[in-house]
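Quick heads-up: structures coming right below.
The same subunit A turns up in both complexes below, where it pairs with subunit B and then with subunit C.
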Partner chain A sequence: EMHSQYERVGADVTMKCGSMDWDAAVTWTVNGTDIDESHLNGSYLILKNVNLTQTGPYSCYEGSSWHLKYQTYLRVGTPPKEPVLMCRSNNYPKGFYCSWHLPTPTYIPNSFNISVIHGTKEMVCEKDAVPKNRCHIRYLQLFSTVKYKVTLTVTNALGKNFTTLTFDEFAIVKPDPPESVVAKPVPNNPRRLEVSWQNPSSWPDPESFPLKFFLRYRPLILDQWQHVELSDGTSHTITDAYAGKEYIIQVAAKDNDIGTWSDWSVAVHATPWTEEPKHLTTEAQITETTSASTSSFMAPPTTKICDKGAMVGSGAVAVCWTAGLVVAAYSVLFI
Partner chain B sequence: MAGADGASTALQRRDLCARGIRLAGKMRSDVVNLLEAYAERQGLDASASVAAVEGVPPAAVERWDEQTSTQRLLENLAAYRAFRALLAQMLEQHREQLGEADAALGRALAAVLLQVSAFAYHLEELLRLESRGVPGEEEEEEEDGLPPQPHSLFEQKLRGLGVLRELAQWAVRSARDLRQLTKPSPGTGSAPSLPESP
Partner chain C sequence: DSWGIFTFLCAALCNLPALPALNCSEELGPGQSIQQTYDLTRYLEHQLRTLAGTYLNYLGPPFNEPDFNPPRLARAERVPSATVDLDLWRGLTDNARLAANYRAYSRLLCYLRVLDGQVGTAELRHRLAHFCASLQGLVLSIGGVMSSLGYPLPAGPPAPPGAPLASNDFLKKMDDFWLLKELQTWLWRSAKDFNRLKKRVPPAVVTLRLEARGF
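Moving on to the complex of A and B:
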């Protein structure tokens, strides 16, 4: 029979060889390897100041017969520290979820128990299959001023710990970020970018519980963001972009009335429309068209290179690199 | 004609709901500011848990999404009528206790009372539009008069906190209720209409 024991890191551990007398001749092994006699006190195995590497199967054999007398699996670990608990409603008004983790690993199995109390009522938090450290609750009441109290207890063989969160219904409402953010240049408008996005798919009823949005954007070459708050709609046209500069754009969402802002969406990049440089009429070009000799002047390439990084979603931005260099020179005039 | 009337009613309802939503939003913002000022003046913690206050209509509701339009309007109207009386009582107490000493708080209370009254009227308009009877206030007052005031000053202050907190909650609920009213629904529900006001 394989026994099991849990010991704290740094503890001194004494293992008895089953029912063998103290003065019996025995051999101890760990992971099939003999343990030096210096660790023995009679037939007892003494492990001082155990560490994590000493986790493993320990076996004790009677001296000459090598009969297995005792087996145990030693697991070295720590009692749990206070767990970190978070509760959030990203699907208001359906319900909320709580998720948790330990700030440091214990190296031994832990079990978690969560209790949710609303006033005098105990509610059931249904554990998610994936991830394991999460559970969700359906709201039975809406618009309640009574606070929710969530207590998470973590227990392992070496101890237990707990944490409590108290909050009201509105405070934990935080949508997921907007989805499918797309930014496009506006033809013939060198200072505009058209941005559109969608409500997060996890938000169940945007018609009854509309979201408002916060858009931020900046040219890659600058650190400061511009911000725009939008109370309705899922699109916006930026009208003050620097011509020819690549922009980074993000959107966040919040319920119109309650809760907090979502995290920022995935960033999208876009560059405003720029005019195609007019065909440069230089003597070299005129010479090229009238003679077969090669010229050191290279006409702008007719093949456009699509900047894949400029777009997310449909649409495309075509940037001609050499034209871009020319535009960059012009755009200095606009800044 | 019926079609045109129906369309006209729908437009009126949408318009009233839209205005009501804006009213509710402004009211909530003012109530939240008042709540913080009130808590500070009274030496209370605005976020402290307060037990349910007798006579204050709780905004909490189960199966909110299943309510009919009529239920929503009637519950809202009953609530705001109650808050109108409660706020008038708070204002009276404030004047008796502090007089002109805290005129700003008194003005803020009066302003919210005005908004509550306006919102109650707005709800009555919506109920008329739904061709539902507007319940008489006299009957409600006879049945559910204001409960007697707590004796101690501290209890009065706590009660005031409870009133304002619940009112802030109602303002959020009302905006949601009105948005539900603007959605196409299968019907206006089977809740019996209350007696017409005289």
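Moving on to the complex of A and C:
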């Protein structure tokens, strides 16, 4: 029969060989390896100042017959330190979750017990399968004046510890970061980037509980971020980007009225549109257009001179008009 | 007799919310009024943070301790609580939603005004007076929204409840503590109430109302 024992790191451990007399002749092994007689006091095994490496199976055999007299599994560990507990509502107004961990490992099995008290009522926090060390609660009532008190107790064979959190319903609201952040250059606009994103999927009711957003962006080559706060909408156009520089962009979300900002979203990279070296091509196309008009009365096919996107920026408009006038002039001449 | 004075004060001070707010709201469509009311609740929430801090310090420990979490004593509810079942809250009609806010703030205003008459320091009196003025504005604003949507204003606040005034100093302070808590919670709730109303009031309503008045 394999016994089991737990001991603290640094403790002195005395193992008895079952019911054998103190002066009996025995051999102790650990993990199948004989232990030197210097560690024995009669038939007792003395381990001083135990450390983690001494965890393992210990066996005691009678001297001559080599009968197995006693077996025990020693686990060296520590009693739990005060656990770290965090509670958060990323799905307001549905409820909240709490998650916890130990600041340092104990090296032996621990069990956790969580209790949630709201006023005089005890609520049940349902443990999640994945991840472990997490449980969730559904709100029965909204806009409560009474605080929630969450107590987490951790117990193991060497001791126990606990921690408590007390909070208002509103204080723990923190959405997940926005999802599907996309940043695209805007054609023919060398200083613009179009950013769009979606509400985090964990936020159940953006209609009644709208989110506001915080956008930050900077060119990779600089350290200083620029910030924009947006009270609605899930898109924004940056209009002051440095031409030709790659940007890094992130978005965060917050309930419009309560709680704290989410963590930053995954970063996206984008570079504003840059004009391809087309100056020569543009003039050549005007010449082509006019010579085409001499042979046919048809308007030239849409060229890049007159892109719809090029309506912004006076330079592009001027080229557009010029081409149009030239075409019109030649067409009239040949009617 | 302090109870008699209390009754008199409350009755006198609480007749004000019955004023119709038509003068203000006729110029604004209900959509804009709702936005204004929402903005007012946010402003008041901000103001309350400073006011509550000062007032709780005036009450002294344990009321000004951040972890102070007393059980709710089984005393008569003076103010309708903001706490509500989630599905019930979602299902409120616009009228019911607005009326709940109107009633709550009318009564909260009433109690705050009584408080104003009792506090010791001049600074606190000044802050309370300023807050009461803003809260009065909120009540009128909500009234304005209700009128512009054609809803009747709820009847004025009922006579003060039968529960006797706090019998000792500590219980009185507890009452003040819960009054501030209730006010804070209502302001948080109102932001959500008005968010919902913002989405539900169609712009078309504005034109209809103007036509009805012969503009």
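The rule is simple: the second predicted complex is superposed on the first by the 278 of 335 C-alpha atoms of A that agree within 3 Å, B and C clash if a C-alpha of one lies under 4 Å from a C-alpha of the other, contacts with A are read in each partner's own complex, and residues count from 1 in each chain.
Note that in this section a contact is a pair of C-beta atoms (placed from the backbone, for glycine too) under 8 Å apart; a residue touches a chain by one contact, two chains touch by 3 or more.
Fair warning: this is a prediction, and the values are worked out from it, not measured in the lab.
Asker: Just from the overlay, do subunit B and subunit C fit on subunit A, or is there a clash?
Answerer: Clash: subunit B and subunit C overlap once superposed on subunit A.
Asker: With both complexes superposed on chain A, which partner does A:Phe214 reach: first (subunit B), second (subunit C), both or neither?
Answerer: A:Phe214 sits against neither subunit B nor subunit C.
Asker: Just subunit B (first), just subunit C (second), both, or neither: which does A:Thr120 touch?
Answerer: Touch partner of A:Thr120: subunit C, not subunit B.
Asker: On the A-aligned overlay, A:Tyr107 touches which partner chain: subunit B = first, subunit C = second, or both, or neither?
Answerer: In the superposed model, A:Tyr107 contacts neither subunit B nor subunit C.
Asker: In the overlay, answer first, second, both or neither for which of subunit B and subunit C A:Tyr44 touches.
Answerer: neither
Asker: In this superposed model, does subunit C or subunit B come into contact with more residues of subunit A?
Answerer: More residues of subunit A are touched by C.
Asker: Touching A:Phe162, do we find subunit B (first), subunit C (second), both, or neither?
Answerer: So A:Phe162 meets neither subunit B nor subunit C here.
Asker: Both subunit B and subunit C touch subunit A; at which residues?
Answerer: Residues 93, 140-147, 170, 207-210, 257-258 of subunit A touch both subunit B and subunit C.
Asker: Which part of subunit B faces subunit A closely enough to touch in the complex?
Answerer: 25, 28, 49-50, 58-62, 64-65, 165-166, 169-170, 172-173, 175-176, 179-180, 183
Asker: Going by the contact rule set out above, which residues of subunit A touch subunit B in the complex?
Answerer: Its residues touching subunit B are 93, 140-147, 170, 207-210, 257-258.
Asker: Can you list the residues on subunit A that touch subunit C in the complex?
Answerer: 93, 119-120, 139-147, 149, 166, 170, 207-210, 256-258
Asker: What part of subunit C is in contact with subunit A in the complex they form?
Answerer: By the definition above, subunit C touches subunit A via 42, 67, 69, 71-72, 81-86, 89-90, 178, 181-182, 184-186, 188-189, 191-192, 195-196, 199.
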